[in-house]
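In the two complexes below, subunit A is the common chain; its partner is subunit B in one and subunit C in the other.
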Partner chain A sequence: MEIEIISFGQITEFINNQKIEVDGIADTDAFKQYIEDRFPALKGIKYKLALNKNIIQQNTKIANQATIAIMPPFSGG
Partner chain B sequence: MSAERYNRQIILKGFGEEAQQKLLRAKVLVIGAGGLGCPALQYLAAAGIGHIGIVDDDTISLSNLHRQILFTTADIGKLKVEVAGKRLQEMNPQIGIIRHPIRLQKNNILDILSRYDYILDGTDNFESRYLINDACALLNKPLIFAAVSGFEGQLAIFNTPDHSTLTPGTNYRDLFPLPPGKGEIPNCIENGIIGVLPGILGTMAAAETIKLVAKIGQPLTNKILNYNLLTQEQYTINISHGDGYTLPETVDEFLNMDYQDTSEAPQGYIEIDASELVKLQQLESTILIDVRERHEVPVLDKQVYTQVPMSEFATFLNKEFYQKQVVLICQHGIRSVAAAEALQEKYGDAKKIYSLKGGIVKWRDYFLKS
Partner chain C sequence: MSEKKIKNIFVNGPIEPAFIADSIAKHGSKTAIGGHSIFMGQVRKDEIDGKFVAAIEYTAYEEIALEKMHQIREDIFEKYPLNCMHIYHSLGTVKTGEICLFVFTSSAHRKPAIAACSEVVDRLKAELPIWGKEIFEDKTHQWKENI
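Showing the complex of A and B:
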């Protein structure tokens, strides 16, 4: 299935906005595992996932053609 | 007289005299008179927000001037709140400007915030942002949040229920339960910032404040907007309530919170709160150790908390265990510090040692429900 990934802030330095074609990623926990394995730099920073523009607070099923955003906290002013 | 000053927005369809009166009655506190605060303050003052407070303990420096547009070269060295206050008062003498030349801390923030209806966070560090978030949540004050990083910005409104969807107010910890460690997220001093970006975000924050006060449009309640200057793209995400974090629910709990960065504690071990305990608990290689004596109550689940009373701790120190993170817990967080020191001495950097600050008594709600 196809998942669109959108990243923000310093995460864009190692994860570009992209569409990936993957199998076996049924839910957001699996996606988290997948993305951290593929981009280990993500493990070292705090971030939040949003599935189709909704913040993920617990494991949620992912449908084909989902969009997942990866957002770090900003503090600058 | 005020009618003429505000004429162009009063005649605006969808705004009008009633909205203008709401602005004039509102009390808004802007925290941080920097890159975000300067443009926000200018538009809030010009629009006729009746009482505006400004908090900043900093003085103006040359490297501020490319983005902090209330200040001139002649102002270098002066207090930001004084210069900003004077400029804004000249711009609009009909409103009240209150200067707070202080740094907000646990012991003064509740007093200051309670004098205002809306809080705009334009600070530049996580320590302040979590302090302000928790204080606003405790006092139930709407919080307009703006922050920048690189060429991007974030904008949100917290602690404000969304009446259209009946969603109670969310807060910053629903997005990021715990502050990042030092160095995890770059700040403006290390990373650089283009002046116009906080200009845009600060102006957007002022717009959200005006919308909230005047009750017009759809403010970013329970939403976070991500703005990208380089592409002019915006991406708005709906925020829902999370769990796994602790918000102080009483003044006492708030005063006991630790808003300092704990990641580089000089003692080697780290003192944590219950929300960090929850987070550590979810990691694979964590052992939770209850160092109270066996007769002490409340009794914790022995499946979750390994019992190693202090009276038996010396024996325990001679044994080995595989877990990488060790969280020590006792009644008040005093014996657990002693245990943390002993483990720290033995393992150095080989294991991460944590002590639950305030102990079970402080976080009893958490322990009783779990």
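Showing the complex of A and C:
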């Protein structure tokens, strides 16, 4: 399946926006595992995911052609 | 959900003092208002390891930020008897000393306006996906984090 990854803030410095073709990522917990394995720098950062523009609070199923945003702590204002 | 009107809050670059003055002036015709509360965020020249902040560069996940702001706005209008509420946040580069956030609430009596203004600022900082990159005078940077 295809997943579009977009990153924000300091995470843009080591994860570019990209489309990935992967199998076996059924939910957001599996995605976290995948992304932290690929980008170990992420392990040191508190981050949140947004799946199709909804901020994820708990493990959520991922469908094909999902867009997942990886967001570090907010610092607006 | 289709009825809701999502307002834009983002302004490119700093929020000009003249814009703020104009916004205040526009309320002259709203004579039911008896109290305004205004919060303005200004980019601070922080010193970190001997280097000074020259500017903050703001980016946002705009769609989520505007959706969240809409929810906050609805919550606040439900909680306080406000006549109006205006919120503007910068994107892009804002230099030290310039305004990056403008929150303006108005009510018949002062207390709801003051409480609402403060709550909007707190929630906006905690809930809106906006990021500030602090650019130092020597062009190096660090990412700001709200505590």
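Following the convention adopted for this analysis, the second predicted complex is superposed on the first by the 73 of 77 C-alpha atoms of A that agree within 3 Å, B and C clash if a C-alpha of one lies under 4 Å from a C-alpha of the other, contacts with A are read in each partner's own complex, and residues count from 1 in each chain.
Just so we're on the same page, a residue touches a chain if its C-beta (ideal position, glycine included) is under 8 Å from a C-beta of that chain, and two chains touch if they have at least 3 such contacts.
Quick caveat, the model's predicted, so the values are computed rather than measured.
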item	value
Partner chain in contact with A:57 - subunit B first, subunit C second, else both or neither	first
Touching partner for A:44 - first (subunit B), second (subunit C), both, neither	first
Contacts of A:10 with subunit B and subunit C, given as first, second, both or neither	both
If touched residues of subunit A are counted for subunit B and for subunit C, the larger one	B
Touching both subunit C and subunit B, counted on subunit A across the two superposed complexes	8-10, 50, 53-55, 69, 71-77
Contact set on subunit A toward subunit B in their complex	6, 8-10, 44-46, 48, 50, 53-55, 57, 69, 71-77
Partner subunit A, residues of subunit B touching it in the complex	32, 34-37, 122-126, 129, 146-150, 152-154, 174-176, 178-180, 184-188, 191, 193, 198, 224, 226, 235-243
Residues of subunit A that touch subunit C when the two form their complex	8-10, 50, 53-55, 69, 71-77
In the complex with subunit A, residue positions of subunit C that touch it	41, 58-61, 63-65, 67, 89, 100-101, 121, 124-133, 143-146
